[in-house]
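What follows is a pair of complexes built around chain A, which joins chain B in one and chain C in the other.
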Partner chain A sequence: MTHYVSKKRRPKEDGRFITGRGKFVADIKRPGMTHVAMVQSPVPSARLKSIDTSRALALPGVLDVITGEELAAHTRPHQNALDTPEVVVYPMAVDRVRFAGEWVAAVVATSRHIAEDAAELVDVDYELTDFVVDPEQAMLSHAPLVHEAHGSNILLSREFVWGPVDDDAKRSEHKIGFRVRWGRNATVPIETFGVVAQWDEGSGILDIWASIQMPSYAESIAAMLDIPLNTVRAHYDVDVGGSYGVKRGLKHTIVAAYLSRKHGVPVRYIEDRLENMTGGEMHGPDRIFDMTVAFDDDGTINSLGIVAIDDAGANSSRGPLQLGKPVSAICGPYRINSVYYHAISVATNKSGQSAVRGFGQSPTNVAIEACVDRVARFLNLDRLEVRRRNLVKKDEFPWRIPSGSSYDSGDYLAVVEKAVSLSELGTMGARVEQARSQGLLSGIGVVTTLEPGGGNSSFEPLLNPKNTTTTWPESCVVKMDRTGLITAMITTSTSGQGHQTLVATIIGEELRVDPDSIRVVHLDTLTGMPGNTPVASRMAIMLGGAASGAAGKLKTRLATIAAHALDTSPDQLELIEGGFRVAVTPAKSITFAELAIIAHREDHRMPANLEPGLQETFVMQVPTGGELPTPDGVVQMYPCYSFACHICRVEIDPATGKTHIPEYVIAHDCGTVINPDIVRGMVIGGAAHGIGAALYEKFEYNEDGQLLTGSFADYLIPSALEIPDIKLDEHCTPSPHTSHGQKGVGEGGYLGAPAAIACAVNDALVPLGLERWELPLRMGELADQIAGGQTLGNLLGP
Partner chain B sequence: MKSAPFEYVRPQNLHDVCQLLSDSAIDSRVIAGGQTLVPLMAMRLARPERLVDITHVDELADIVETEDTIRIGACVRQRSAERSPVIHQHLPLLSKALPNVGHQQTRNRGTIGGSICNADPTAEIVLTAVTLGATLNLQSINGPRSVCVTDFLVDAMETSIADNECLVSIDFPKTRTKNSGCGFVEVNARASDYAIVAAAVSLTLDERHEKCTHISACIGGASSVPVMTAETQNSLLGSELTDQEIEAAVSHAARQLTPMDDVHASGMYRKRVAAELLARAIREARDDCRSDRHAH
Partner chain C sequence: MRIELTVNGKRVAHDVEPRLSLVDFLRDELDLTGTHVGCEHGVCGACSVIVDGDAVRSCLMFAVQADGAEVTTIEGVGNGPGTLSALQDAFWETHALQCGYCTPGMIIAAESLLAQNDNPSDQDIREAIEGNLCRCTGYVQIVEAIALAARNIREARS
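Entry: the complex of A and B
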């Protein structure tokens, strides 16, 4: 029985945002603020012969124009996530450019208009050099090198063998192989990345306000600017207008901070849409999967083989690590005995890669679900039945997969049955036939997918042996003021996840206090406690756990003071709304307000040896983490595994290739729901994001290395009109590892929808004898494939 | 995405507009709803020295019915036209086309004349104007000029308008008779996107609603300007417009098209889909004509 957790309550943040009172980076105004615009390379690969800034500098209102060479002379390069010491990347191009859109020079002026005027006046002499766009061509020995000093375009090539792969292949009755492609897309928030930097010479502090969602932000700034970490104050009370991974403007911040320090003025750089898409390095994974699956006549999948080639583009930052997270759920929700995984990260002359929702799990889920559908089709078995036979059963948890992670809890079959029931799957086939009778293609997708949450980031040491990370803690500070009101402090910014609601709900639950009365504030990186920001579906687990822990410590402190005041012992006390009472004599009670006065002002009523005030800090350790990977790459990564079953039906106009989704159902299990509205928003929003990845969104480069989809006219995001009415059902298998049984939910919709749509479209193509496992399944290409040999000639007839 | 510097003027009458446009010393562009021009300026793909805003010129904002035509002022908002009972009654094809133009929000700003002067090959209003044989009335300091829309359109995003001319109004011949019908079909990746291909059809049947006595069938998005499908039209004149006859007739249509590949669809796609959409639009027009909507 809970008071606030799982109760339908309006999120704390709603009123502020709905009434237009959010505070985003563009709302930050500093006196004398200046503005940056970037000069970007129009070509994918060139030597920079000369950069003439004189015409730009002569424009009234221009403070400065800096080149990559100047910046590099005063900063350190980006840290590589992979062990690639010869890959040296600075925020702006030095000597040569490596992708079209790369920053070549930065103009700072009194207005953004003037900065853009001046950017046009920077004269750059490019000497074109060879380049490579296709990742498989980039792997060839004679390919032009993106980073010459590295000696190869292969940034990472690591093979893993988990379990008896060879034996399983031999004993299996069947083996098939095929290719799956995941197109380069991203999260594309309405708000681009923005930053305001102000170097204060008096205090020696660098203040940063940014639209940031990134672990180790201040640490990276300090390292690159070569200044002590305790001079960097990144403010986390800036609302972030959408992110899901991509708000990592480190290079933007370095440019703004350098300029602010150099000129003693606040500097603002907010990307426009073109800068964001072409030069912001916010593109996500771009993958080729060569899959092999070994299985038996009854549909039992024994072994998976996965060769994943990931096109990292022109940097080697955190993006390639997205090959690592899927190791934690490399079998999906299935009892697969062994896995071969070859993770390959390749540099090309394209925008560098950023983290995107799910951190590589969604592409991998598509590949795994494609395998299951292929197996069922090969054996002429029902696709759902094959899943049922392979799913981990509820009495088998914790279930350890061959790569080392343990799935904490679940009842997958129960969730599947809820989805089957809600979707009326039993009669969906009739609706498929009805659509087919009207000349449409129609098909059903049924997928079962996992969402790892709250991890210890040990994919870092897994893919880079020089990295020794084994934990990603999160903190919360809770204090009760002199009037008995509670304020909680967190060390992160929020990009729409409702962290204030999360923290207030859990503290309210622990202390029997109305969450609406609890203030939640965002500290900055100087005042804050250890934290790793909202990535990897971790905040309900980690920040929720920290809030619970801090509230629990405060409750103990309050109980100690209350027991003293009521002349009893703490274990005789009962928590009631707004205070304590003595369990056996309920008339004896004391309110939090009274206890607050005692703790702050009435030392004579305090227990001996108790420090005054009412404040507690809790730093949450990642459950189940703490071990480095073994030499053969076995490691426990994530404590919690949420599960979802997506069932959808699509209809495709065979002439136009346009896909419509008349039916979409999700049943999911994220353990204990903290706030139902937030979970609902996450799941539906994630599915919408996934539908975009499945059908519309792609950063498409042509063979000249030019981005063809650099604006919203061509990079197509589904609108409300494309997203179906998604029906939801829930199941709750609490996690044994968290404060209230909660698991992660911020990514799950996105981790299921692309697979569901891809499977449904391929089911629709079966009568034509076609298949297409290449996302996004855009109408033009799909229709061309359906038309097949039907050329214009035979369309026209003799 | 900040525009290059420009001057902005907002004349109150057509005479002043023409005066301003006649000044050849400065590169002036007329702006009405700005739904294309403003983004182009923001991306610095367009950089006029002066914008002449015509939205405060009252004489450009009316919809006037004459005996044979509906005259739509160049500055009539697309949304106003969409909601106009006069247009609904006399230009049903335009009524069908307009909801496909952008989003309601862009239609609130965008104008009929602006779309035609912009001459986007995929534009629904341009396609409708060609299908219905609209006449454009232009004005310059030297006087008025009228031109058929097909002569006005030169190439993709290019018209025969002179630097000193302003589009004043568009005359659409009235099409609604008790024997007429129309169809408008387009395909796009998302609702409200630019059309990849679109087809517009206006036709008339004989008194008994059996045989086709007139048909105007036009394809947009698959060539630099909308294309009248003369062969298709000829082969359907006098026919009963059976599905089979339509199917056979549209197979000629693709031959005239010179589509481009782009990121959304190949040229082959456009050719194939143009023929299919044309068939759908003809069937829609036929069914529209034969429906009982004319009963009242």
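Entry: the complex of A and C
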């Protein structure tokens, strides 16, 4: 029985947001603050012949205009995630530009209006050079090079063979292959990226307030500015207006920090929407999958082959690592004996790639689910039945997949049955027929997908042998003050995940204290403890575990003092609300408030040799982690695996290609739920992101290398009229690796929905003899295909 | 240019540049930072405020156009300091937000709806907030919040 965990409780954070009292980066004002606007390249590839800043500098109110050349002379380049030492990237273009939208110059002025005016007065002479937009063209030997010194546009090409791939192919009764495409999109928060930097000459500290969700932020700033790490104070008490992976404005921060140091003033750069979409470098994965699947007559899938070409754009940072995370769930939730995986990252003259919710897992899940549907259709079997036959069974956990990760726990079939029941799948076919009788196309998507959570980031050494990362710890500090009240400290910013609620709920549970009375504050990077921010569905697991650990240590300390005061031993004590009592004589009790006085003021009542005060720190180690990959690429990556079954039905107007989603159901299992409303919001919100990725959202570049979808008028984000009333059911299989059995949940909705929609649309196309595994399934292209009768998705067979 | 207007019940008079948008005026000149900037081209609705009774996009309006107007921002939505409107309370109850960035604009749009229709259907609600984009929630808990607030308002009245 729990007191607070899993119970409905109003999240702590919501009160400030519903009253307009959130503190976002654009709300931060510093005396004498100055403002930056960017000059961006209008062309995808050019030599910078000259940059004339004189007209801009002459405008009253302009402090400075800097070019990439100046910035590069005073900073170090971005650290590459891959082992590509010849790929040298600075925050602003040096000598040449590599994508339309790249920063060429930065203007700093007394207002953003003046900075924008001045940006228009910067005269840049571009000498156009050859460029490449298509990733397969970029891989050809004669392709124009994005980074000449690297000698090729291929940034990564690594083949993995996990298990007896050749033998499994030979023994299988059937083999099919086909292509799946995932379009370039991102989670595009409503708040753009912003940063305020202030170099304080007196203290020698660089203060940073930013809309950031990024591991190693301060470390990267220090490295690029070549200053000691303990000079950088990034403030984590800034509310982040959505991130879902992409809020990684390192280059923005370097520009602002450099300017602040140079001029001795606070410098603010808040992207406008066009700067964000064209030059913010927050686009996500952009993939071509060539899939092969070997299987038997009964639907048993024996082996998968995956060639993934990922278009990383011009400036490769962490983006290509998104080919690595899917290795941790490369078989999906299925008992697949062997996998061939060829991960290829390619540079093109487009915006650089950033991390997006799921870190590459969602595209891969679409490709895997497409395989299962293709197998079922080939064998004329029910698609759900093929899944049932291949799913890992309840008694088979922990289940180790060929690439080395172990799935911790689950009851996949039970979750599937909940989804089947909630969706009334048994009668959904009749509703499909009804829609068809009205002249619509209609189809059902049923997918089963995994969400790895809480990982040790070992995809870094997997894809870059010079990287030795095997853990990503997380910390929590808990103290009880002299009045017996609790304050917890965390070392991360929050972008909607409800970390204050998470931490207060778990500490409240451990200490039998009302979570509403617990304050949770965000430390900065100087005062904070090791932390890695809320990426990879990790905070329920890692921050929850850290809070539990710190609270447990505090409980032990309190019990020691209480036992001394009550003249008993700690093991005779029982935790009650607000204090302890002696189990056998409940009348003997002591409150936390009294223990707090003893610990802070009454040394004569303290046990001997006990440090005064009531404060504890716990640094959570990643469960199951700690090993480098083997030379053949086998590694344990994630401790926890959440599971979901999405079932939906779509209707498509064959004339317009417009897809409508009248029914959408998710049953999911993320272990123990900490706060039900937060979990529900995460799952539904993730699914909404996935619906956007499946049907609407794409950063579309034309053959001239120009981004055609740079505003919300053409990059289409789903509104309340596009997202259906998604229904949820839950199942709970606790994880054996976490403090309360919790698993990750932040990404799961997004990891299932694109696959579900793609499968449903393809099911709707079956009567026409068509298929289309190319996301997003936008209405115009779908209508053209329906009208033309072309099978665009089926390039390799069967 | 000199403008005079009422913001959250208070008279304010300011000299502003003609090109200053209403949202920049509210945020930068009046320090009412609850109104947020999302796209600056009138699509996302994060900057929604109520001007003379209608929810409008303050990024598409110049401050000078608000001369003489009555403006309500999220800071003026509650029933006095320390209180919540029925909608604000319902947004908390259903957790109709995550990062909170679109929330003020969403509440403004919903206030405008409920002022005209205190018994909206789910479809009415979805149409009323269709111009307010949320990237976190998928809207389901927002629709529930607005329906709950409408119910609470009706019950309080009867």
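We adopt the following convention: the second predicted complex is superposed on the first by the 788 of 798 C-alpha atoms of A that agree within 3 Å, B and C clash if a C-alpha of one lies under 4 Å from a C-alpha of the other, contacts with A are read in each partner's own complex, and residues count from 1 in each chain.
The criterion applied here is as follows: a contact is a pair of C-beta atoms (placed from the backbone, for glycine too) under 8 Å apart; a residue touches a chain by one contact, two chains touch by 3 or more.
The structure presented is a predicted model; accordingly, all values stated were derived computationally and were not measured.
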Once chain A of both complexes is superposed, is A:I726 in touch with chain B (first), chain C (second), both, or neither? second
Per-residue touch tally on chain A - higher for chain B or for chain C: C
Look at A:R400 in the shared chain and tell me whether it touches chain B only, chain C only, both, or neither; answer first, second, both or neither. neither
Just to be sure I read the superposition right, which of the two partners does A:K658 touch: chain B = first, chain C = second, or both, or neither? first
Looking at A:K49 after the superposition, I want to know if it touches chain B, chain C, both of them or none. Which is it: first, second, both, neither? neither
So, A:G496: does it touch chain B (first), chain C (second), both, or neither? second
According to the stated criteria, A:D677 is in contact with first (chain B), second (chain C), both, or neither; which is it? second
Does the superposition put A:K466 against chain B (first), chain C (second), both, or neither? neither
Partner chain in contact with A:H113 - chain B first, chain C second, else both or neither: both
Quick one: is A:A713 in contact with chain B, with chain C, with both, or with neither? Answer first, second, both or neither. both
What is the shared patch of chain A, the residues that chain B and chain C both contact? 113, 272-273, 711, 713, 719, 721
Please give the residue numbers of chain C that touch chain A in the complex, ascending. 17, 19, 27, 32-41, 43-44, 46, 73-75, 77-78, 84, 88, 91-95, 97-104, 107, 122, 125-127, 129-143
Within their complex, state which residues of chain B touch chain A. 1-5, 43-44, 187, 189-194, 196, 251-252, 254-255, 263-266, 268-269, 271-273, 275-277
Which positions of chain A touch chain C when the two form their complex? 10-11, 13-22, 24, 26-27, 113, 187-192, 239-244, 272-273, 495-498, 677-678, 680-682, 684-689, 711-713, 717, 719-721, 723, 725-726, 749
What residues of chain A sit close enough to touch chain B in their complex? 112-113, 116-117, 120, 272-274, 655-658, 696, 700, 708-709, 711, 713-714, 716, 718-719, 721-722, 778-780, 783-784, 787, 790-792, 795-797
